[in-house]
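Labels run A, B, C, D and E following the written order; every chain starts at residue 1.
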Amino acid sequence: MATDHTNSPAETGADSGGVFSGFLTWMENLSEAAYAYLLLIPGFLLLALVAFYPLLSTLRMSLLADETRGAEPLGGFVGLENYIDVFTGDTRLSRQVIDVALTSDFPFLELGTPFFRQALFVTLAFAILSVLFETIIGFGQAMVLNQEFEGRRWVRVAIILPWAIPIVIQGMLFFLMFQPTVGFGSEIMQSIGLFGDNPLASSRDSFIIVLVADIWKTSAFMALLILAGLQSVDRSLYDVAKVSGATPWQRFKLITLPIVMPALIVAMLFRTMDAMRVYGIIESTASCSTVPSMTCLVIDGLFGGTRIYGTAAAVAFLTAALIGVFIAVYLAKFRDSEGGFM
Amino acid sequence: TGGNGGSDAVVVSADSVMADASDEIISALRNSGLDTDIEVEIVQEDFQTDSRRQTYSSALNAGRSSPDLFMMDSGWTIPFIVREQLVNLEEQLSSDVLDRIRNDYLSASVATAESPMSGDLYGVPIFPDYPVMHYRKDLAEAAGYNPDGNNWATTPMSWQEFSQVAADVRDQSGVEYGFTTQAAAYEGLACCTFNETMSSFGGAYFGGVDNLFGPVGERPVTVEEEPVIETIRMMRAFMYGSDDPEAAEGYEQIAPSSIVQWTEEDARGPFTSGNAAFHRNWPYAITNNVEAFGTDFDVMPLPYGVPESESKYDGLGGSRAALGGWHLTMNPNSQKTEDAVQVLEAWTSDEVMLTVFETAGNLPPIPGVLDGVTEDDVGPIGRYVDTLQYVADTAVPRPVTDLWPNQSALVYQEVHDAYTQTKTPEEAMSTLATELEESDTR
Amino acid sequence: MSLEQTDGQKVYTNDDDSEEPEIDRGLFEAWAAKTIKNPKRTYKALFYTATIFFLVTTLFPFYWLFMVALTPRRNLQDVGLVPSGFDPSLLAQGDLTMGTNPGVFLEVFTIIPFHRYMFNSFVIATVTTIVVIIVASLAGYVFGRLRFPGKGPLMLLVLIVSFFPPAAFFIPLNDLFNTNIDILRPILADGSLYNTPYAMVVPFSAIFMPLSIFILTTFYSQIPDGLEDAARIEGTTRLGALFRVIMPLSAPGVATAGVLTFIAVYNEFFFSFLMTDGSADNWAPIVDGILQYQGQYEVLFNVMAAASIVGVLPVAILVVVAQEKIVSGLTAGALKE
Amino acid sequence: MGNVKLEHMTKRYDDVTAVDDMNLDIKDGEFVTFVGPSGCGKSTTMETIAGLTKPTEGTISISGRDVTNLPPKDRGISMVFQNIALFPHMDVFDNISFGLRLRKYDDEEIQRRVDRAADIVQLENMQDRMPEEMSGGQRQRVAIARAIVRNPDVFLMDEPLANLDAKLRVHMRTELQRLHKELDTTIIYVTHDQAEAMTMSDRIAVINAGKLQQIDPPLVCYNEPANLFVAGFIGSPSMNFIEGTITDNGFESEYVTVDFDPSTVGVTVGSSITLGIRPEDVYESSKAHTLADPTVAMPVTTDVLEPMGDEIFIYLLLSEAAETSMDTAQANDQLLMSTDPDSTLGEDEQLEVVLDRSKVHLFDTASGTAISHGIADPAVASESEAEPSTDD
Amino acid sequence: MGNVKLEHMTKRYDDVTAVDDMNLDIKDGEFVTFVGPSGCGKSTTMETIAGLTKPTEGTISISGRDVTNLPPKDRGISMVFQNIALFPHMDVFDNISFGLRLRKYDDEEIQRRVDRAADIVQLENMQDRMPEEMSGGQRQRVAIARAIVRNPDVFLMDEPLANLDAKLRVHMRTELQRLHKELDTTIIYVTHDQAEAMTMSDRIAVINAGKLQQIDPPLVCYNEPANLFVAGFIGSPSMNFIEGTITDNGFESEYVTVDFDPSTVGVTVGSSITLGIRPEDVYESSKAHTLADPTVAMPVTTDVLEPMGDEIFIYLLLSEAAETSMDTAQANDQLLMSTDPDSTLGEDEQLEVVLDRSKVHLFDTASGTAISHGIADPAVASESEAEPSTDD
């Protein structure tokens, strides 16, 4: 400090200088917790305005009666009636959330309407299957992209590209492909006996089409996130593992996987939530009337022309609750995973 | 900038076809007495009817002041009316104009712009839409039929006869399909293709034409009646032939089962590309088909199930076309109500109707306006004016209430189940009846 | 790639190893025997098989989309591996298009100002991405690197946003964004956010933020403390360390969060559809544009296909650029520990 | 300015007390070295001074200001990290200039300073290398350059030369000393290299298990260790320790006897005492004449010989049963002697050795506290006792 | 088994030749230490032996097998990395047992071995700590434990003790030597600590700029360095070098003259020669009598004194104009002398010194190659010349 402080800026407080400096110093001196809360303010303000406030308002909506006519869109307070009605099928929804009838025979339950036509089942089956396949395929893709080879950048673009396609177009693509007069999808699937004559008119076949369409598009999402995780692994750890005698598979299992795990869990977490809110691809491929999901019912209630805001809001909250149950499993895993942070 | 309330113009939200014809329409409006100091701007909204309904709904829910006038589908104007989201035109329009609408306009159209409770007018119909049977006259003639001679253009045949003709023409010409139509599980099935066919058999959802717009909860549900069942059986015969135990007798297998996943364009595809002999569609498709086949293409009214006389309900039976069409309605939050009223009134003139027909291909809401109009006046579509005028009179409106969007889903799902052989016609219709009753009375 | 591929294929077929004595073994058996001896070969073969499989499965639908685009509108029937109506013999007659319709890529721009829709989407996506990355970085830093009471519940709160179908937010937001706010009047024509990019940027920022927060939390938490310490000693604030060291070192994560957000917003439809009147001048985004090719009944599938191919290009370019950031081994050489 | 003061500083992790009630007062411009066994809390103390971690208790002041709650950037410090911590995404130039760029020095000044720093650490031509393309020692030098390129009030250096070869280390040592003189900056230094600690420091702070044991000039620590720990820790190889008791005649253990009058060194007869003697203060009895005050000769057997080039370490066994352990502090029946490389002694030879009485240290076995450094004949006690601390 | 052979091994990075035509033949069970300046290619050579990087040219064989193209896991090695590289997601136990678990040892055996390894590195009670909760030295010890827990044919250890304190280092040194004897494993070792290199190695390989300079037993390297580089590098502080020419009377430079008959040491009159003398072979002339064969005395002035506890380094200036540089190899007019801590010399004193003629080294200045180690009187030339290599 002694020699040349001529024309050299002050040693202390480097980032400072200017209008901000006071604020920055104040910030820097905050305790860790206060600092944390401060930095969270912008994010939470945004969420409060665009998410929390609307959600509270929607929550209120779900406790009020539907009003299909008249200037007021909502009726009086009905408590949990909307929720109960959704479960008992006693609503104006065009599809059942769940329709299970009691029987006298084992297992004493039977599906009132077929599996593929109940929103709850469609939602769950879709979420589980799509996330499963997307994870496997996405991981495979990420592993491929993680290798050094010539042309890797182009392969990467190619693999990411489906994610860049708007859902409307993705829907159009698969719709046309399985439209017997246009594409060849139905023909192929029929010839191997998987599909019936009119796949887009069949709930089961359409479900598979929607699933495939989603896997095609969304594996890229998984791949991208997992790839980023893979790229963050310190290469020198592989050196150590190699010298310790690890085979590639062991390196993968013992080094790559645990280190990628947090990224993988985040990817799966968000994919699961997205899959459980599936709507766009259904509507643009097979339509909600063929493959109803929970979100289909929400949209139908809010925008379907018959104004049933209360019921729709209740379905939205039920969807959220369902997702919450699923997510609890992830969160438990999340906590366990190394580098986990919750 | 289009939709913003910044400009002084009366903003009319319409579709792209109308917006493209904006200049001609505005000058026709001026010729029909619109003040020159009132500016009009016709802006383009989504073409898709559902999208447009959602857009309008969010604009009205939010209390947006622009646009001033909405172009609303006759299929969903009534829900907006019963939600008190539109301006009651009884208090706005001059009595002359109101009289003209009540007396000269296609009454089925006007009915879908009125409040089902009070009967007040909330919308000015600007054009109706109804389907016709498109067909390949060349193929029919080659098969030995004489469309012109038998005056197919204005003389409907029965479905039975039609199925025989279609099968025959298909077999003789070697085209793939005899008949293509729309039977996917979508609004179009409930409002239109099934509705009109059922109507031609004298069937109805809610016990006849009188109950179409209500009163909800106090009308019978009649989907289990024989004509309705018969309609389904006929369609199953068209698709599956005699293999299907539920198929009605006496009909040929003329349509691919794929129609259960087809909407308008899917069904038009094979026809326009020469793979079908007959095709049910809206007049919009005339242009495409004329382009493809020129004078080898023609239209006729849809076939009938039973003669009108044999129908249990008045106004049903005979050739029936589902009535679509569009109205202009007024935004209650508009800052330019008076100007907007002037625009509406000018829009009821013959000149505007003809201009719209010429430039946008949209039919006049007063069928008589087309009297004497020829190919020379309006292009190739002029060749089909006779059929169009004939069909206008046979059109049945859709049963639109505030609950219809929801009920239509129930309808098309059950009908579709029956079409896809998932359920027998009776099963499907009995389920539907229960559902509709619950829905109506809840 | 092609070089490498041929290399890879040599692995399967190259049979000139002299140490292989039995002539009568089948090709496959010989290959299998070799792979057992030389596992590297197996990995390589596996790798190329997987690469080709992924390439084919992801690219084929695009290829088909391209074929749909090239199919003349009237022929939109039976589109196979070539557009329907494709006829190479036409080339002999001087028809370079061979019965296809490459002009569709011009129609995309002549029917509507598609470029303007692309521009709108690009601007909205860019702005949203920047907002999201900045705001989510702050939160990701907090959640990933700081310890404080209430962290778990707050993270859960962020997550809960993604439990709800987006539609659940819409009705209250619609009221909010259409409210005429007087203080906004100087900036916005009628004082409401309707038909402005803000009406999209604000909700997108919030709705796509949770994902980015979680991604960044994960990546930021993995950056060794030592590097942040070094930056702070050198004179940065904690925030300075975030933007100068932690973020660059988490480049794969940041780039990924950025790309995912950008793509999601670029293609978003639900909110933008309801928050604009769909006209290009009023900031309607690309999907709105694509849907303009869809009439009440008639749908210009071929033009839609062409438009979406055109519309995907900026994203492809973005991915090319962003992936340069997703480079390997960034933390190598940093630490001795 | 530049003085550093720790008062009752304690840092606890979940189950470990890394630093325990540390009190330190480092003067402006002083060069203080922290030494102590691995894990004793040196780095933790540094980090607390730097502000990278908050002390659990106590306060820290730098340049007279209480900085306990100030962020690192406002403390006027620069630091070389034990784990090096280069920014992997920046090349050498960017790494070194990072702090300068933050402070918005002008480009020329930055280039000038970086050139100089790179020159000092002998990395002139590597300014555009990335860290991952460098050897361990090169990386470490970049870390040093990054710290010295600035002019802070206090330098914190945590084993900055650990990965450098002897020659470079000597060079860096000189450079750091020059820098220290030139800038008159306070330097707090951690090293495991005794030579470094001895030659560079004004004072050495010896830490054990989080506790400060002694802070004194190097030779004081060497010659007058405050306790057994310091005695054993400073000096390599370590001091020989022999446990015994005080008799009327002085110190007595199984194999070693040193005569003195207990009263002159302030020990009570019968108390348990540990005697310490450095290897270089053990002599063959043939050389006893060179010593002013040798002990009586004792018979030993040579065991392992460790030739170091400039000297030889010879492990001497005091009994027949004894076995060599390299850990000189542990075995009671063994002595390590350091001698000239010219010595002709071989393994398993019998000989006699003497100790330099003036270099004999006595410690209380139980508490470890030093009692006396050097024992003189009763007659000259008062003089010789003071001797080691003066001119050595 | 366990022998390691490098033949013409070269490793080039884009613009750097890290290892240049290296030929090495390390016998089974040998302990070879690599020494050399920072960045000379030690780690790169290690990595190539380990199989972590492919040599650009040349071959490597281990245990008689050509392993140039074998993956690391099939080479029978274990390694301590210079950058430590613990698995951050595993605790100490998991880190140490990693290799064992891969090899499916049974749990008991794993626990037994881990316990033993942890014991050796004195981390008994830390098996469930995570790396981030440990001090620098503790981490390094985990890295050592991770390597020694297995029984490979070859151990590669890249500065395994760099971050340990002197005492622990001595302890680890002993343990590694014991391990070496017990397992009879080949060990290749990198260290910057001369004492380590001298005491542990069977042979030392001196590397400079990627090239092998000499590979010989420690004392041979010390006493008979093959060239100027080795002479300057081995020994701390470094050997004094004085450039001069050969006259009929022997060596002559501006300040130093050493008489001998050029023909007896095989140098030609007039050639440029560098004379080398280690600090400990410089004596005050008062002590010349202890030497068998001293040179004539030369007058010097003392400059800086560096007391090290067990010895003192004194920088001697040969001329008035001279200035002290700690880099002894650089200044022609300066000598470093190491002497007893008892020396009473102060700064700026005038005195005379002599060199031990038997320890004078002569090098060809141009090529650096050693010409002679020790110069004797013409009469006894043949005897004394052979001397250093035998019993020293």
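Simple rule for what comes next: a contact is a pair of C-beta atoms (placed from the backbone, for glycine too) under 8 Å apart; a residue touches a chain by one contact, two chains touch by 3 or more.
Chain identities (UniProt): A = Carbohydrate ABC transporter membrane protein 1, CUT1 family; C = Carbohydrate ABC transporter membrane protein 2, CUT1 family; D, E = ABC-type D-xylose/L-arabinose transporter.
Remember, it's a predicted structure, so these values are computed and weren't measured experimentally.
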{"item": "Fewest hops from subunit A to subunit B - one hop per pair of touching chains", "value": "1"}
{"item": "Leading chain pair when contacts are tallied as C-beta pairs", "value": "A-C"}
{"item": "Far-end chain from subunit D, centres as C-alpha averages", "value": "B"}
{"item": "Centroid spacing, where centroids are CA-atom means, of subunit A and subunit D in whole angstrom", "value": "59"}
{"item": "Geometric centre distance via CA averages, subunit E-subunit B, whole Å", "value": "96"}
{"item": "Separation of mean Cα positions, subunit C and subunit B [Å, integer]", "value": "41"}
{"item": "Subunit D and subunit E, separation of their C-alpha mean positions in angstrom", "value": "22"}
{"item": "Touching two or more other chains - residues of subunit C", "value": "76-77, 170-171, 224, 234-238, 240, 291, 329-332, 335-337"}
{"item": "Sites on subunit E at which at least two other chains make contact", "value": "82-83, 88, 136"}
{"item": "In subunit A, residues with contacts to at least two other chains", "value": "13-15, 28, 181-182, 234, 236, 259, 303, 339"}
{"item": "Chain pairs in mutual contact under the definition given at the outset", "value": "A-B, A-C, A-D, A-E, B-C, C-D, C-E, D-E"}
{"item": "Residues of subunit E touching subunit D in the complex", "value": "13, 35-39, 42-44, 82-83, 133-138, 140-141, 158-159, 162-171, 173-174, 192-195, 198-199, 218-219, 222-223, 232-238, 278-280, 306-311, 325-327, 329, 338, 341, 344, 392"}
{"item": "Complex contacts: residues of subunit C adjacent to subunit A", "value": "1-4, 43, 47, 50-51, 54-55, 57-59, 61-62, 64-65, 68, 76-80, 135-136, 138-139, 141-144, 146-149, 151-152, 154-173, 176, 202-203, 205-207, 209-211, 213-215, 217-219, 221-222, 234-240, 250, 252-253, 255-256, 259-260, 263, 266-267, 269-270, 286-287, 290-291, 301, 304-305, 308, 311-312, 315-316, 319-320, 323, 326-332"}
{"item": "Subunit E - residues contacting subunit A, complex", "value": "47, 50-52, 71-73, 77-79, 81, 83, 85, 87-89, 98-99, 102-103, 146, 150, 156"}
{"item": "For the subunit E and subunit C complex, residues of the former touching the latter", "value": "82-84, 86, 88, 131-132, 136, 139"}
{"item": "List of subunit A residues in touch with subunit E within their complex", "value": "234, 236-237, 239-247, 250, 254-255, 258-259, 338-339"}
